[in-house]
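Okay, got some structures for you below.
Both complexes below contain chain A, partnered by chain B and then by chain C.
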Partner chain A sequence: MEIFSSITPGIIDAVWLTLKLAFITSIILLAIALPLSWWLANWQGRTKPLIMSVFALPLVLPPTVLGFYLLIAFSPESPLGQLWYNLSGNMLVFSFEGLVLGSVIYSLPFALQPLYSGFVQLDKRYLEIAYSLGFSNVERFFKIVIPLCKAPVVAAFGLSFAHTIGEFGVVLMIGGSIPGETQVLSIALYEQVEALAYDQAHVLSLLLLVFSFILLAALYRFNGIAVSRSVNRS
Partner chain B sequence: MKLSVDLPGRISAKISVGPSAHIVGITGPSGAGKSSFFRALAGVERNADVEMQWGRTVKKIGMVFQQPMLFPHVNVQGNIALAQRHASDKAISVERILTGCCCTHLLDKDVYTLSGGEAQRVAIARALANGPDVLLLDESLSAIDLVTRRRIYQFLKSLCIETGLKCFIVSHDLEDLALFCDELIYISDGQVAMQGGASDVLNTIFTSGTIESPSAVLEGTLIDHREVMSTESLTNQRMQTDSVMFVDVANTRLYVSKTALQVDSHTFTKQPPRQQTVRFAVKACDVSIDTNTSESRQKTTSSILNALPCKIVAINEFECVNNEGRSGKVLLTLETDCNGTIKTNVPSNSFATEPNPQTLYASVSAISVHKLSLCIGLSVIARFKLL
Partner chain C sequence: MRSTIRLVVKALVICSLFSVTLVFAQDKQDKQGSRNAEVINVAVAANFAAPLKAYAEQFSRITGIEVNVTVASSGTLFAQIQHGAKFDVFLSADTARPQALIDAGKVHKDNMYQYAQGQLAFVYASDISPHIDAKPHKEEPYKEESIYLYKLVKQVTTTGSGKLAVANPLLAPYGEAAKNTLTHLDIWDEVQPSLVVGKNILQAYQYFTTGGVKGAFIAYSSVNIDSTVNTSIPNIHVIRVPEAFYQPITQALVINSNSKAVITPNVFNTLDTSDTKGVEHLTELTILPSHLFVQYLLSDAVQSSLPRWGYKRSVSAKASNEKASSTKSSEPT
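Entry: the complex of A and B
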């Protein structure tokens, strides 16, 4: 009961903001990563390693480095920040929209890699059969490729979601800690610890821990079923 | 129809097929380029230079691989339904396709529960449900049992005759090709080595010695059961079995297992009508040679009842077909001899009074050739089991 009494409106706001950010980011990432990874999986240009490295950079860069560059890029003086200001009348830095854009860039490899692996491993003869049955390219992608790559698609969404929920460095650099606007769970937790409010820090940590565990367990469970089905097929 | 395929490093083939050919067989050693040829025709090889003159409108080319490649995210019914999305007007009813491909009972099954043969049957049904003008089958029946496989071939042949569908079939089973193909193409090292009528091409392949036990296809007419029963006094109930059919080949009565018979323009499952033309394959290794052609042999003392008068037209001694040196085997090419000594009570209404000679092969040992003094032109009796 003590734990529940520690859940303040500020925490509820942070939870809601985090889930909203993760959901919107994951949806945008799927929309970007699906065609991008399909193109990468079917393209064999000389510069492919370089392109792949650029997309994978967020995996290895310290989040603060990426956050610093994004902060520069989103500032009102930069072309992007200026364009955004002209379009919306708001600044991109320290805004929810800026957080979404930063999260999409930061979590891109987590959506791209499972989809790319799934598409590379997909037996292209399924597509050749679909072609011989009269399917267009778009139909083949949505009627054959996506259903056959259900597990990588779910993994891409799940990993993007989980990674966005857990992000800290980038969010802190470009979003700061504005309650209800940019203060996500991980930032709220940091603030509580700074303020020595350990009860609330426990609640936030527990929430993140349980949620992350459930999400990963569900992903592994889904992938396990998909793998056992493909083993049965072969 | 004329087809030309050029795929650098894999195949360069030009073939010409007569307009009356319904089923065209393609064979040759593994890695010869047969599958590449099919993939180029189907339009899935981007680097291939393909010219196709079908001699008629061809809008859809269906393709079935050796691996059935059924879409695993839907069941059998779902696979058929996906094929129907863009089906042409030519597509026949799904019920008939499923019956013809022996997979009606599989409709509600998940794809990953099917056996290899079942999946191949569904894959062929799926391709047919799309209503192709040309169907390319790349060893697509290799995992199907013999009886079902021949039923499906029979169904495909009747479909070709009825709808104008053209089938191209890659197979290593020369007996199947001999039974069902009108024309045959032999591809070797990415080139067309032989092409023409199936029997001519097969004869060249068999006599070249590369096939250890070739098969010949004999054609004949069915003889009425009751007539045979009365003339041969087969009154015992056990002898009156439907599993053995009586076939007149070159004025000689043969006893053939029903499952070995292929009936033109009728489905296999139906009882073949009387006087129907039928075909069946005879393996060279199943044929033995008897030089005693006298009338007395009609009262046979052998359990092998089929005795076909023939003349030896060629003797081919195979060289080193296995690792143990000379095989010691000799392939005899025989032609049916209508003036042979064994006569049967062929029904008077039979049209087969002056039949064309048919080719048969016999694989015998070199010792037998020497002991029996077998030579070209010699009249012999070819004995074989067909049960």
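Entry: the complex of A and C
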């Protein structure tokens, strides 16, 4: 039990903050990615490869580089940062809201990919039948598409959640390591490693690993195919 | 669609073939150019990277010894060395990590040298202006500076974002110095809600230059001191924090070896580096390249140029000469 003595209130704060960030980010990502991927899956424009590439770009940019540009964009001197300041009275950079926005951008491909492949593989005959029965577009989406694509939806949520938990580079750049506000688990872990507090770092890493393992194992257990497909793809 | 993909794949293949050819050509050239050259690997803390690279270049020109420089944070480099990274010399931003390597038995206890003293600076945006018209008292040193800095910090924490950037006091010596200073001003507890913490001094500076904060405690070496050293950023004000406000930021290096290094006498202090005979003389020496490099860093020429980079010399001119004139009292064990 000795290892647990190194779990301080600061660490519990960091764990709670990380879970909150991952949960809110994943909910927002689902709200964005569901309509977006449905539109992408049913649209065959000439510029589709370009649009798809734009949404996959967060996979390519190194997180610290992405974070650097977000730092510039979120600063009170940029139009976005200024707009946010005028609307909310708070700063976007060095705030929890800023982290959520950064994480949504950073994890977008992880929500988009499983949903997109799920929607592409969906048998369109169900929709045609529903149409002939007089279902509206919205009804068709929520009563036919979502129940049939339960696996990709769960995968999208789980992957964005897991990806946000492991997020480091972006938060490092735009967070400012404020305890209880922007000091997430990965940042606390990094600071302990740098401060040569290896014992504490080991405990934290173990927590992070066990938690992520359980999460991923649950995901694979419930819908192995959808997850493994999208992981391979990204 | 398919033809586009084919085209892209073709282009990629051609590009990669081309780059492979380039790499081989480069490799061949390197081997021919430096057949007998010796190479040393030097790890340096991020804050001293720019001066070290310049010094390493000069050193290579004088001695013909090639220097590979690796830049990372002191903590990262420490962990790497502790687990067997083959760096010949490690320049830390503090004295704690070199000491920890000695305590861990990785480095001989006499292989640690102080090479520079860091200085703390406070930068603030041009729209911050405490109205101060009093002149410094001679009787009470730093009283005016205290008031001035206090007002600046107060102004920063109440203007715009109200945030103030420092490096993490637990990780970075400059962060600790910033904490010392704010404690000295009796404002440390008060500014807690306003603090944003960078992992190191460069990140604290980045928070400032990207406009996120109006003021930051950083290394004096990271701001524009000499126009040839750094590119200037418009609309910033820099003040040097009086050294009485914080614990000295002593930067130390280690020669990463279990056996004792031979550093004295310092051959560079008696050497006219513009004289080619001196260079020939150096190549005849039997000193290990890494030891020679440390001698160079501790030499009077390098030490006296440190202020240009925003550091204070850690080896005084006198000590440096003494080292040069002392006889070979230390033999390798």
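In this section, the second predicted complex is superposed on the first by the 223 of 234 C-alpha atoms of A that agree within 3 Å, B and C clash if a C-alpha of one lies under 4 Å from a C-alpha of the other, contacts with A are read in each partner's own complex, and residues count from 1 in each chain.
The working rule: a residue touches a chain if its C-beta (ideal position, glycine included) is under 8 Å from a C-beta of that chain, and two chains touch if they have at least 3 such contacts.
In this text, all values refer to a predicted model and were calculated from it rather than measured experimentally.
By the touch criterion defined above, A:191 reaches chain C but does not reach chain B. Contact with neither chain B nor chain C is seen for A:117 once the two complexes are overlaid on the shared chain. Once the two complexes are laid over each other on the shared chain, residue contacts for A:143 go to chain B alone; chain C is not touched. Judged by the touch definition given at the top, the superposed model places A:72 against chain C, while chain B stays out of reach.
In the superposition on chain A, A:132 contacts chain B only, with no contact to chain C.
In the superposition on chain A, A:93 contacts chain C only, with no contact to chain B. The residues of chain B lying in touch with chain A in their complex are 39, 42-44, 60-63, 65, 67, 69, 71-74, 82-83, 85-86, 111-113, 126-127, 130, 132. Contacts from chain A toward chain B in the complex involve residues 123, 125-126, 128-135, 143-144, 147-148, 150, 229-230, 232-233.
Interface of chain A with chain C (complex): residues 49, 68, 71-72, 74-78, 81, 91, 93-94, 172-173, 176-178, 190-191, 193-196.
Chain contact summary for the complex, chain C toward chain A: residues 1, 4, 73, 75-76, 78-79, 97, 100, 160-161, 163, 165, 168, 170-171, 195-199, 203, 206-207, 210-212.
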